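First comes the structure, then the notes that go with it.
Lettered A, B, C and D in written order, each chain numbered from 1.
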Amino acid sequence: MLKKVLIANRGEIAVRIIRACHELGLDTVAVYSDVDRTALHVRRATEAYPIGPAPASESYLRADKLIDVARRSGADGIHPGYGFLSERAEFAEAVADAGLTFIGPPPAAIRAMGDKVRSRQAMIAAGVPVVPGTEVGLTDDEAIRVAPDVGFPLLVKASAGGGGKGMRRVDGPAALPATLEAARREAQKAFGDDTVYLERLVEGARHIEIQVMADQHGNVLHLGERECSLQRRHQKVVEECPSPAMTPELRERMGAAAVAAARAVGYHSVGTVEFLVDRDGRFYFLEMNTRLQVEHPITEIVTGVDLVKQMLRIAANRPLRLRQEDIEWNGHAIECRINAEDPYNHFLPSTGLITHVIEPTGPGVRVDSAIYEGAEIGLFYDPLLAKLIVGGPTRADAILRMRRALEEYRIMGVKTTLPLHQKIMDTTQFIAGTYDTGYLEDTFRIQHEIRTDLDGVAAIAAALLAHQLRGEVINRLAPAGGPSEWKQLGRRLGLRLP
Amino acid sequence: MKYVATVNHKDFGIDIDRPGEVVLDDVVRAADLRAIAGTQLYSLLLDNRSHEVFVERREGLYYVMISGEQFTVDVEDARLKQLKAMGGLAHEEHDSAVVSAPMPGLVVKVLVEAGDAVAEDQGLVILEAMKMENEIRSPRMGVVRSVGVSAGNTVNLGDVLVVVEPVPEAAP
Amino acid sequence: MLKKVLIANRGEIAVRIIRACHELGLDTVAVYSDVDRTALHVRRATEAYPIGPAPASESYLRADKLIDVARRSGADGIHPGYGFLSERAEFAEAVADAGLTFIGPPPAAIRAMGDKVRSRQAMIAAGVPVVPGTEVGLTDDEAIRVAPDVGFPLLVKASAGGGGKGMRRVDGPAALPATLEAARREAQKAFGDDTVYLERLVEGARHIEIQVMADQHGNVLHLGERECSLQRRHQKVVEECPSPAMTPELRERMGAAAVAAARAVGYHSVGTVEFLVDRDGRFYFLEMNTRLQVEHPITEIVTGVDLVKQMLRIAANRPLRLRQEDIEWNGHAIECRINAEDPYNHFLPSTGLITHVIEPTGPGVRVDSAIYEGAEIGLFYDPLLAKLIVGGPTRADAILRMRRALEEYRIMGVKTTLPLHQKIMDTTQFIAGTYDTGYLEDTFRIQHEIRTDLDGVAAIAAALLAHQLRGEVINRLAPAGGPSEWKQLGRRLGLRLP
Amino acid sequence: MKYVATVNHKDFGIDIDRPGEVVLDDVVRAADLRAIAGTQLYSLLLDNRSHEVFVERREGLYYVMISGEQFTVDVEDARLKQLKAMGGLAHEEHDSAVVSAPMPGLVVKVLVEAGDAVAEDQGLVILEAMKMENEIRSPRMGVVRSVGVSAGNTVNLGDVLVVVEPVPEAAP
């Protein structure tokens, strides 16, 4: 077994992994960039080492520094979390070359799945259904020629892409040349590789992914699906488990396909196979994420399996104790991703000092977070502040519980997507479970209308506060006055003046 | 002290004289606002209804967040506002209240019809959502001008349910 | 079904009940004494009403005011929580007389179980084993005469007692007269009733209680046990489920006895039958708590049953959907009660302003709490600040998780029993599960010895801080000076000077 | 700067000169202490070991909590400490202990009277607060010089209950 694990990450996922390690009795090593010195993952880890300036390219993406810290600290394993170096085969190799355990899949599996085109070919060979499309990198001329066979609307996708980058929709032949050019430019810039391919756009589809888990002894199983169709700009916003669109029969078929996908690339560790599912229940392989997912907690709640602990055991070469028939799905879980973005202002990123946090607690509520009072939210890293996860016996119980938890959650100092989630939980599409991947961007609007029962309340609250301030001013500022007194006063009233 | 608080172009006349009380558009309401020390949170009890409100004051405006709804409130001394307005029209208190669906749902029952006189807070429509029946009430005293839905309709958030217009005043 | 529930309580349990109501779509009405205006239960409820001055006798114990608020607010049910009026039969009657639903057992059952002597007789009649002892209220002379038959060590217990009040140990005949006097005085003061009786003290025993649940249609079942032997001054400190001493066979027998006890008094709602279990697995009825218990969450985690929602359904006259054979016990749960007491100073109550709270979160952690930054902890109510509850697949997982969660928990401004729990989790007796009811008071000592690996760390932390303060003083106070500057400085450094 | 930090009668010589470094009993250690804004928490990295410490400063002493362990640290300028020690008696262990009420409450019983010899940790007064009886104990061995309260008294936080003075020492 491992003894000391270096977590090559930051934020909530670093804290999540540290918790799992400590609960297994393992020591942990945190790494931090200059702006993360007092971050939660640094404070919760057994040890912590600086790795450079704030930009990730100079710190969290520096494989050499990470391996050096692992050596100096005596860590025997490295967990990459998600993002950063988690899907870089060369990093996994370098870790192994340094005589350390990479807590994730083998480099060959990362590599096989990291290339869209290669992975597509491997899936076709393994009998896993894929979306109709071209099979290899194309020149622009080739693409224009075969596009009608793929069918419109279609997507131009970057071979090296991910997270929606280098992905463009084309509705007809006329727009194709310009879109190809734009997609290539974006791909070149983001990944240093402008290879693209075409793929049919499956409209009204759901994005459903299957969690798989495999050991180093040839055992592979799946833990069912996560419904991830609620997306904005190809970023997941809300996830739930099970999917409202799922049947036991479809789960079995998709699970078998996901297991076949994992076996095809010699996978071990935990991983996720993403599918599009159309209105008729046909499913198509999209890609495999060869790492822990952001939304893994909802699977943990419904199956009772701790995925991070499983990763650690698998990396230590332990065989899985669970078999496919041991996996049961009980109840329902929902996750809301709380981002530092202003839902009332075009989701612009919000930065600043977190002045106060009240996290929801109580039955069935889990918060995976890395924010705290005094945390400075900047623009260097992704905007995910926390994940709010709830579980309940039924989907209705989970929705009502999520509403309750969202209502309790307070984050002050930056704008967050908490109000967005409150609105989503109230939509008929979410309540009925009838949303698809287009819903959030095409149909949903965060209402700017004022709830008539609350505008008067807001008016009264503001007027009372103005009155209190005025009273304070009259009573207290007669002798002294001046702006500093105002600040003192504001502090006393719990009000922060600009 | 008389204040005018403006939310989304809507003016609320608010009179604060006695502790524990505000007069909102001539209706006396029990109101108690308390700061939660060390935060920008306030506990407001308004006619015993409990609201936790988050208030930020920036550039003379109050940004108020209640239950995930964000309101921008401009509070002015009523006398000053009046003085300011002297030059032109003073108030626009004769607006109709548009009662819209606060959530998507199923209209279970419509409790009023056009022409009915209604009191403030009187039930107008019963809307079912998330297995719960919600009574949508009139935000003001007045007369129902129009009803936009009937029982069995599905409504989306923001759909107009009922319009209540002020009682026509007798000539002075 | 109910529509609006008044919670005749405060603190964490009021918040817990409000959450359950809101998750069932019910409105809630909070009540508050003058010092509780901004308490969490007031802020989380739909409505809130003042009920008088801080002393409970003038507010939370005033049945008339509570019923009046229920009427004015249009509440149709009253949940009493625990403590306060929860086990007063007259209150349950008054609620019913007012045409409201009492969310708890029938008054006759409360009455039957509220009197120690009567309940003992009822249990003997129902075939439930009881501890050897005298059967009725005794004069001092009678007590002194029959004490040798009961056997020493014995307990003098108040008939109306609870929570350890009016309960005294006597090791031999000599100490009996003085102890009788003390017990009577305490009982008279606490309950207005100085009736006492004697009971054999079962040494080395465990305190194990069985959760029961019964509807108004004659269905009664049990949800297994909670191990509550870790006590100080007859107050539970740590509880776990299942008990390390339990076997499926013993659980079945104790469960059957608890069901018989509930049936004997015509019980409905949820309730708890407390037993002493001796080293040979013999068990004796102690008392029945005819209300929700503080430690109910550990049963919720292990059985998946939400006890508060069940109470609400039962009160609304719904039949139980669950049968005895549906109840399963999965995994292990532990609860630590976090009190405002100083474990390093004889557990003296600690009061003051909560300046900062960081609650543990993440997988398997639940916090039921009513504290918040800015909360004033006074002496009017009981010292329970929060309950930290964890669950895990095995007892070992749960202990490791509890350690992790305790390490994350920060409450500043008052002294708490968090360090006590950290020590308990490290004792061999807890880890081995071999403790009994005497362990915490007789054997356990919170070590005053300094961990040699940490005293140097403390020294360095203090020295660095002193050095920083000194540097600040030199740099900043040269021009101005004076105490206000010191304060400003302390604030900047996050240090609160006296 | 040289400091002497005393924890439980144990002296640590700590030298702080260069940023990011302390010298503890002549061993150089990497040390970085950072305040968590708005709290009494500090993140201390000591030779890369991460400690979250809670520090309260009262009456010149530092109360440090690490991993549930509580330490009382007295930090002195090493030079001053040496100077003090020069004159003769450095410490003042001969003071009387003033036992004051750690909380407001009701005196239920007084267990000692003036002149009684008491052991360390022996009960002096029973104080009722939060519905519980609390035994207030002697912080030191000694003789009761005075008792300031009697049963039935209500006391406030800080009220003097009992003064215990050291046992008179035999002539040298």
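Keep in mind that, in the parts below, a contact is a pair of C-beta atoms (placed from the backbone, for glycine too) under 8 Å apart; a residue touches a chain by one contact, two chains touch by 3 or more.
Quantities reported herein were computed from a predicted structural model and do not represent experimental measurements.
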Remaining connected clusters, assuming subunit A were absent and nothing shifted: one piece
Equivalent interface to B-C, taken from A-B, C-D or A-D so that over half of the residue contact pairs match: A-D
Counting in whole Å, what is the centre-to-centre distance of subunit B and subunit D, each centre being its mean C-alpha position? 57
Could you grab the centroid distance between subunit A and subunit B? Build each centroid from C-alpha atoms only and quote it in angstrom. 39
Intercentroid distance (Cα basis), subunit D paired with subunit A, Å: 49
If you average the CA atoms of subunit C and of subunit D, how many Å lie between those two points? 32
Provide the list of subunit B residues touching at least two other chains, using ranges where the numbers run on. 36-39, 52, 130-131
Residues of subunit C touching at least two other chains: 25, 44, 355-356, 372-374, 407
For a test of understanding, state which residues of subunit A touch subunit D in their complex under the given definition. 30, 37-38, 42-49, 73, 353, 355, 372-374
Subunit A contact footprint on subunit D (complex, rising order): 32, 34, 36-39, 43, 45, 48-50, 52
Touching residues of subunit C toward subunit D in the complex: what are they? 190, 233, 344-351, 355-356, 379, 381-383, 406-407, 410, 412, 418-419, 422-423, 450-451, 454-468, 470, 490, 493-498
Touch list for subunit A against partner subunit C, complex: 15-16, 19-20, 22-25, 44, 297, 300, 304, 306, 330-331, 356, 358-359, 361-363, 365-369, 372-373, 392-393, 397, 400-401, 403-404, 407-408, 494
List the residues on subunit D that touch subunit C in their complex, please. 1, 3, 5-8, 10, 12, 14, 16, 22, 24, 29, 31, 33, 35-42, 44, 46, 51-59, 62, 64-71, 73, 75, 102-105, 129-132, 134-137, 157
